[in-house]
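Structures are listed in the sections that come next.
Two complexes, one shared chain (chain A), two partners (chain B, chain C).
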Partner chain A sequence: MWLWFSKLGSPKWFYELSGRWLPWLTAAMIIFMTIGLVWGLLFLPPDYQQGFTSRILIVHVAVAGTSLAFFPLMFVAGTITLVWKMKLADMVAKNAAILGAWFSFVTLATGSLWGSVMWGTWWEWTDSRLVSMLFQLFLLIGVISLRSALEDSETAAKACALLSIVGCINVVIIKYSVEWWNTLHQASSPISTDSSSPNGPEFWIATLIMIVAVYLFLSVSLILATRNEILERERRSQWVRDLVLKS
Partner chain B sequence: MKPHRRKKLGIILFIAAGLSIAIGFTAFALKQNINMFYTPTQVAEGEVGAGQHFRIGGMVKMGTVVGDQGSLKVNFVTTDFVSDVPIQYEGILPDLFREGQGIVAEGEMDTAGVFQASRVLAKHDENFMSPEVKAALDASGASAENHSPMANNK
Partner chain C sequence: MLDAIQFASFAEFLDMGGYAFNVWSVYAIFAIFITANLILPMRKKQKIIRQLKRRMAVDAEIQSESDET
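== the complex of A and B ==
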């Protein structure tokens, strides 16, 4: 068990393994993304009240749901950095923060777009779902800034790990904000196979495909970014030199 | 696991747990401040002080929307199926505004007990339906509006 764990912490091992997985993940991502976007944006029936505006939510829900995965990921990576001092965990955490900030931004942008049409407002400071999501964006920008502000990379890794662990609580607040408090934002749409349910299956199946597609996109982007990070940080090691000489 | 690592892991878990509890209590204490709006029942029970600027959230009661000819003035009643609050508003309503729809209105209570709204927002619920399904449901007598329209309002 511990042998496997320490092997995972080796950048060289991760680089080789991810290199083998990457084509498969990319192919799966393209397939899911194509089905999800073409179906969701071109063929999905309109909602009887929202019309075609409901199609924005296919993207919004998938990106928003996925954006909640970043802090738990950074929590795990941060814990590994602090306890076991694995360099790889910090490389993942660094790029997760940057990707997560973009995901949060897209969530807010698509949500505002939908809200401006349906709610009659593009932003409400009093809505806890909206504000907690904005807080996640600021937290991630905070993690990114903290890293660039600290010169010593080991101190930066530790500080960012701690902030990620603390910031993880915000994910719970985002998730349950619509249940704990009165909000303009609607609650999560239930998945139901009951034919009398008001939620048509085509809406949630299309959303589910998009969620898988966006998770695959996250994995592929994070792996690519981490591989770059590995090459940069390990550029003085023998295996990277061999790799460069071979290519 | 080495003892010093076990200790570090313990500290991290302790910080995470402690902070969760602290934030949980804070959120619970600030419940009414974090809530976006009051329900008509809360207003009827006098939870809102006189002359206070606040938001009220509820359903537009069926058959109560009365528009004024020649102006943008509109009167309607908002309800949470326990209490009703009449609302007066002048301005452009969001597209989603209709009878049976959830809304959030911002404004003040006047002396006559009518809520003078300066802003009205439409609230969408978590249900999505194609026009065909909606037509089929209406034909079978089960209106979509009866499917927990304000499900997340407590």
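== the complex of A and C ==
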């Protein structure tokens, strides 16, 4: 177990393993993304109230749901960095913050584009779901700037781990905001097996496929960024030199 | 299966039941988001490898010069 753990923490081992996984993850991502987009854009029936704006929701729900995974991921990575001094976990945490900020921004932008026609407003400061998601974006920008200010020191890792605890609490708030405070943003609709229901299988299966596609994209993108980080940090080691010579 | 396509013509598909701007903006943002976060790290990797190659070539040159003297 400990041998396995220290092996997992070795950047070289991760670089080789992820190199073997990447083609499979990428292929799965392309398949799910294609099915999700074709289904979503061509086959999804119009909603009885929303018309074709329901096509926005399959993208919005998938990106928004996935964006909640970043702070828990950064918290776990931060703990591993601080407790076991594992460099790899710190590299993952660093790149997760950047990708997470993208996710939060796309969630807000796609949500606004839906809200502007269905709610009649682009933004509502009194809505807890909207504001807590904006807070997540700001927290992630905070983590990114903290890291660039403190370079990759232990202080940076500690400060970011601390901020990710705040981020995790905020994730819980985002998740339950629609139930605790009933303002503008609707709660998630219960899924239905009845195909005549507005939230029948045609809609939620399409959403589910997009969620899988977006999670696969998250893994591929995060792995690519982490591999770059490994190459830069380990550039003086023999295995990176050999790798550069071969390419 | 083709019967299940919701649009009778390509123009209707583009129109999205009158919500063309909002629907297509969302899909455009999504497409940029996905491709940027895949293409940028891939290009960065090539850049890193190019830089490392150059540095190693310079190192090798310095090495061979100091061998001659």
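Please note the rule applied: the second predicted complex is superposed on the first by the 240 of 247 C-alpha atoms of A that agree within 3 Å, B and C clash if a C-alpha of one lies under 4 Å from a C-alpha of the other, contacts with A are read in each partner's own complex, and residues count from 1 in each chain.
Simple rule for what comes next: a contact is a pair of C-beta atoms (placed from the backbone, for glycine too) under 8 Å apart; a residue touches a chain by one contact, two chains touch by 3 or more.
Note that the coordinates shown come from a computational prediction; the quantities given were computed from them, not determined experimentally.
By the document's definition of touching, neither partner reaches A:Thr34: not chain B, not chain C.
Of the two partner chains placed around the shared chain by superposition, neither chain B nor chain C is touched by A:Ser153.
When the shared chain is aligned, chain C comes close enough to touch A:Val63, but chain B does not.
In the superposed model, A:Val220 lies in contact with chain C only, and not with chain B. Judged by the touch definition given at the top, the superposed model places A:Val117 against both chain B and chain C. In the superposition on chain A, A:Ser145 makes contact with neither chain B nor chain C. In the superposition on chain A, A:Pro46 makes contact with both chain B and chain C.
When the two structures are aligned on the shared chain, A:Leu245 is found in touch with chain C, with no touch to chain B.
Common to the chain B and chain C contact sets on chain A are residues 45-46, 117. On the chain A side of its complex with chain C, the touching residues are 33, 37, 41-46, 51-53, 55-56, 59-60, 63, 99, 102, 106, 109-110, 113-114, 116-117, 217, 220-221, 224-225, 227-228, 231-232, 235, 240-241, 244-245, 247. Those residues of chain B lying in contact with chain A across their complex are 5, 8-9, 12, 15-16, 19-20, 23, 27, 31, 34-37, 39, 55, 57, 93-97, 104, 120-134, 137, 142, 144, 147, 151-154.
By the touch criterion given at the top, residues 45-50, 54, 57, 75, 79, 82-84, 117-121, 124, 126-128, 165-166, 168-169, 172-173, 178-184, 186-190, 196, 198-200, 202-203 of chain A touch chain B in their complex. Contacts from chain C toward chain A in the complex involve residues 4-7, 13, 16-19, 22-23, 25-27, 29-30, 33-34, 37-38, 41-42, 44-45, 48-49, 52-53, 55-56.
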